[in-house]
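As written, the chains take the letters A, B, C, D and E, and residue 1 is the first residue of each chain.
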């Protein structure tokens, strides 16, 4: 958790005492620890692009502490190999002040001690496991991860208010999927809906037909699909087994809301499908900017979070007038809330230089860090797919709220 | 390109915790496969039960650290017995698939939602290494030296894991050395060649295979402990079949049925991986390599790792320490 | 050479003794022996429709050299497999030293003193020849896991074993190969190693499955001397062999199998003239090796047949 | 539902407001503070012939600051008591429907595995190579077809044909220029196995670079709606694919048993030196096997891509199942691979009737272990003779 | 008992060389100064010479591990020849692949591993006739007559056969093609006396029909009885050569290689 005070327990492998107070060297050095390989490799390109875009804007705006920000990219792989640990070694050897990553909660867990033990900020754009709220991190761990609790509530509420009295949840079996599913399930049940079936599927499974067959046997009114890009396979299977979107209401989440993934599907397959996506504005403009950084980008999952992570770190360094990890961590909470609102680095840094207290509101949401280093508020947009299997720029509705409630 | 970082990370990786934990597990594999001819493709399971045994004991049951170690060791031994009793009668290649199956079942159970309360689901467990670090004799700080311009430093907590790890490796190698020079080791090697012949000479083949399985499993489980202690956490997917494949690769790279084979193999493997990783990502960042972008650098590294493995084994099929004569007999 | 000559005289005594035992024995299959080490009853083994072994009753005399002969596929090897626990018989009982041996696993059979060799040799390829030999020794202290860790506990015994192994290797003309991998031996050398290794066990009963097939005749001859020595030391030998010269030379008693059953028993001198045996097994090649004239006759037969064939073909 | 009376109170029981639903059955209550509330529907206010499903007329939603929170009372016609029984009957029939569907899916998956397994079994059988890169050959087929299909705009069927042919050629080349050379150098099977791990890494990550980290689908036949055949719903493409798979499997299986080349392949598997002594061109036979093996692996990949879409790890993900199928059937027998794979496929799917789907592989793997304990030589394998 | 490892590379070997050159002029198959081995740096054959003329039956005997099998394998392209040449009807076939030798009319029966265990007997024989599938039926009848046991069991897998039965299959397999040169490595080993006779007679018969036969045998006396010429191989070199009778009567050969057992 963010504040040094909150959740220090003496469990971790890293020494329980405070981190060595690394001195800054004047140059803000960012390290990325994002998936280039492994089961989450598809998340790599958008995340890298998000950081790259932020960096481009930061350096165009004059950098941090008067110097351009330096960045080193490394691979987080997945937990099946111990790549991440080696990557962290490299980043630490290159004197990174903050590490942006990893995508997978499991990977982050395996390296958090190493990173925070070196007094470096560990900032994940995608970790959703609730463990990080209470983890012993010397106050150096932060995340702009999608706010599952809020999203789950919004989605659950949406499902109930659409009149789905019987619902099946189809969730990817990892901390993202199960965490979100838990919240959705809770909200729906409280709201009077009945979760007739919940299938946690292994995203690496060869085939999802059995999983879908199980849902079919309960014949739910609404089907909630929580997962990543493998949802494409699930969609195909749902259609095959006679559970298309025009007979059952489908719902999606930020992990699988995509305008590119489903383009090969026959027209109308996703028509009317609703989904929730964190962020105050439709991401279209931002996506255009991303495409300039990486023209081959197909998916945008976690790009906003990555972008915001980089911006926040840069702002915190600027605010702290130091590039040392501990100093950055100390200011991250400040720049994320309570002050004059600003939405991009240039705007914010100008305010900072003018001595104003700022409140950075990012693409992924308003991001107000709580003591645990988790975002405290968020905005969730509700979108609906059209006939062409894409969803429009404009959301049906936005809901903002405290994540913790 | 930042050569200093590349060399420093590479040199560090040769002795780092990854090398330690893989070397330990590979020593186990070497006993199974190299000496006894048991194609155990479930070594990751031994690491997993050890890591989880420790983690669950400490975090879920709240017992002290050393109890966790004992439970982990016992769990590994029991796993060996459970795995061995029904399967050691199988032919080598059938044994391979059964052990993979056992290991996968264990991994899937560890990561399942159904047992999330105990094993922590796909994110695993953490927060059980405090007891170990409490024993750390090194005061806080970084330890190491500069090799010319190349800094080689480890933080105290990592150094502690490494020291214990390397001592374990030394101990295991010594045990393996003693055993394999002894008549006991001779029986194992004979079983590798032809079980029936050994049976006809009055040796209880099953018992020896079991002893080998337990010994290798227990040594492999030390690797699991080192993982848990070095990372402060365990995750189910670490203990997948991929890990076992890499262990085999290390054993063969170093030379099967050689005492130091797995250790050298593990060092070689990680040095290769880290060197390629550093060089490639620096080359991409420095614009030396332009045909791929950042997010593909990791993939390119594996491409070269694959290539490196191929080349190493093409030109030295017996591994670093292996005996060419053995290979000549082995070839079809 | 000295030891050998005394051994030779002793051998004659033993042989005489054995001959005395067998002298007045009936020649029926399954005849009881005065001091049987191995008694077999009603052992049956079927493979699908084929009854490979169906032995009603057989006894093997202690301290004798007994040959088991019979045509190819008679079931000799299968019979060995049943007795030594390498295959499970469909039915039957057998005792070794009076103890029932059904269902006893192979390694225990060997430990009780009944060791067999394999017809299709099983060299431990990536062990050296010497290691192959050492493996045969029984009651090795160092084969226990814990004691293996203390070299002092087994060094002395190992040295003794090595000495014994070296002696045997020299006997079997394998001493030059001692450090080579067994997998690099020639076919005949493997046979030799197989037998030498079995002798390392120092069994009470050694069962040799065609030990001399493919072994050079000069060497065979010297090894037979060794086998006779073994008899002197009280070992019982049961061996399968197709080399009638060898059978005649060393065996005290011969058991003949055909199509899974024992069809005849008797001393070598008489059994080879047994009608049934000639029919089933020896064919024209009975009793003595072919003489020149017989060979000629055979050749002529063959030629005649060939010519007839050629004629046939030209007529077509 | 119009006119239903709904009372809202705080968790502690303080009443907040009571409202009546409008013509759409909707209603709305403003509350002051966030927290947990009790919402009670008065059943007496409902029309005579309806009741609340499940009977419970109380909901306890949590309202968060600044957000609305929805509550739902699902209504159903009265007399649902009788319907309840109907439901239960439907429950057991739905069990059988599901079982039927899963059996179908099991066959569907099993046949794909079988196809891949046959390729592996052929190559393992003839060369003794445990090819861990076989999964990548499966992926290769799928990706080649994708390249022809999406890249060059060919219709999927000709694209698939081209891909299979090209994969066959590449298989030939692989042996001609790589594995064959290694054999000639006398590389041992263990070293070859590790080399194959290297090849697998090499290929897989080449795909990642050249193809895409995403899941992709072919241009045709994606998300084809299923048709109902009795209790099962199947997409027509599945039926056609299964037909093709079965056909190929049987043809190759029979070819192995009956044709000269097939027998030669088995002879090479048994003893390459003796095969050469019999006049068999061992390298030639192995090359044919590689060609065929790679081609059918590619076909398996295309079929897998057709039913499950494509990903660069698709072959790797299925590799364990392939090995399981091959082993279960008995190593080195073509029909064994078929039978074993079908068993694996069926158990993966059907076991989800009893175990959670996340653990479906556990079921299949457990069956594998049990079968091998009973028949250590595999289902169709034969025991070796001793001595 | 004296050792068989007396130096055998006597002067005789040198003189033999000229005799060899003389004899080998119109040989069907000839090997000159073959050096071959399995492991790098270890030569098993140390320059052995051999020739066989059209229609000859040649016997090779020698102690175990002398290199007899290696010599046959080297001629047949199964062991790499390091130096020296093998000529078949004037054509250089050194290190040529085995299957192309089969198509040139050479047949070979290995000493060990000489059947395909997972193939049935019939399929084993079919493999024998791999290059002449048309002739399978006819040749099958022929070998079935020689070894009736095989015909009965034609559907049995060779892996389950007894040692002797395997040997029959191996022999029969080589007889499936009608080779013009036949290399036999211990064809009689493991066979019952009756069948041993048959093998020797058959070898002779085949030879009479014009096939050139090279036979390695440990049943040495029998082998020397029927062969035209014999070679005694020791430590990878020719120790003695001569006609079968010459060798069989040479006391030195008897003492070192033949033994006296079979003379009885």
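Assume a contact is a pair of C-beta atoms (placed from the backbone, for glycine too) under 8 Å apart; a residue touches a chain by one contact, two chains touch by 3 or more.
Note that the coordinates shown come from a computational prediction; the quantities given were computed from them, not determined experimentally.
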*Where subunit B and subunit E overlap in contact partners, by chain label*: C, D
_If you average the CA coordinates per chain, which chain's centre is most distant from that of subunit E?_
A
*Using mean Cα positions, find the chain sitting nearest the overall protein centre.*
B
*Taking contacts as defined above, which has more of them, B-D or C-D?*
B-D
*Taking each chain's centre as its mean C-alpha position, how far apart are subunit A and subunit B in Å?*
33
*For subunit C paired with subunit E, centre-to-centre distance based on mean C-alpha positions, whole Å*: 26
_Centre-of-Cα separation between subunit C and subunit B, whole angstrom_ = 47
*What parts of subunit C, by residue number, touch at least two of the other chains?*
77, 86, 118-120, 184
*Two or more other chains in contact with one residue: find those residues in subunit D.*
205, 208, 213, 356, 358, 361, 386-387
*On subunit B, where are the residues touching two or more other chains?*
108, 112-113, 196, 295-296, 299, 301-302, 325, 328, 330
*Contact set on subunit B toward subunit C in their complex*: 175, 178-179, 181-187, 189-190, 192-194, 196-205, 211, 215, 325-326, 329-330
_Could you list, by residue number, the parts of subunit C that touch subunit E in their complex?_
1, 4, 47, 70-74, 76-78, 119-120, 173, 176-177, 184-189, 191-192, 210, 213-222, 224, 242-246, 248-249, 281-286, 288-290, 292, 295, 298-299, 302-303, 305-306
*Footprint of subunit E on subunit D - complex, ascending*: 260, 263-264, 266-267, 269-271, 273-283, 332, 382, 384-385
_Complex contact set, residues of subunit C against subunit B_ = 84-86, 105-108, 110-111, 115-118, 122-127, 131-132, 134-136, 138, 140-145, 148-149, 151, 154, 158, 181, 183-184, 197-198, 200-201
*Which residues of subunit E touch subunit D in their complex?*
76-78, 97-99, 102-103, 108, 110, 113-119, 123, 126-128, 130-131, 133, 157, 159-160, 173, 177
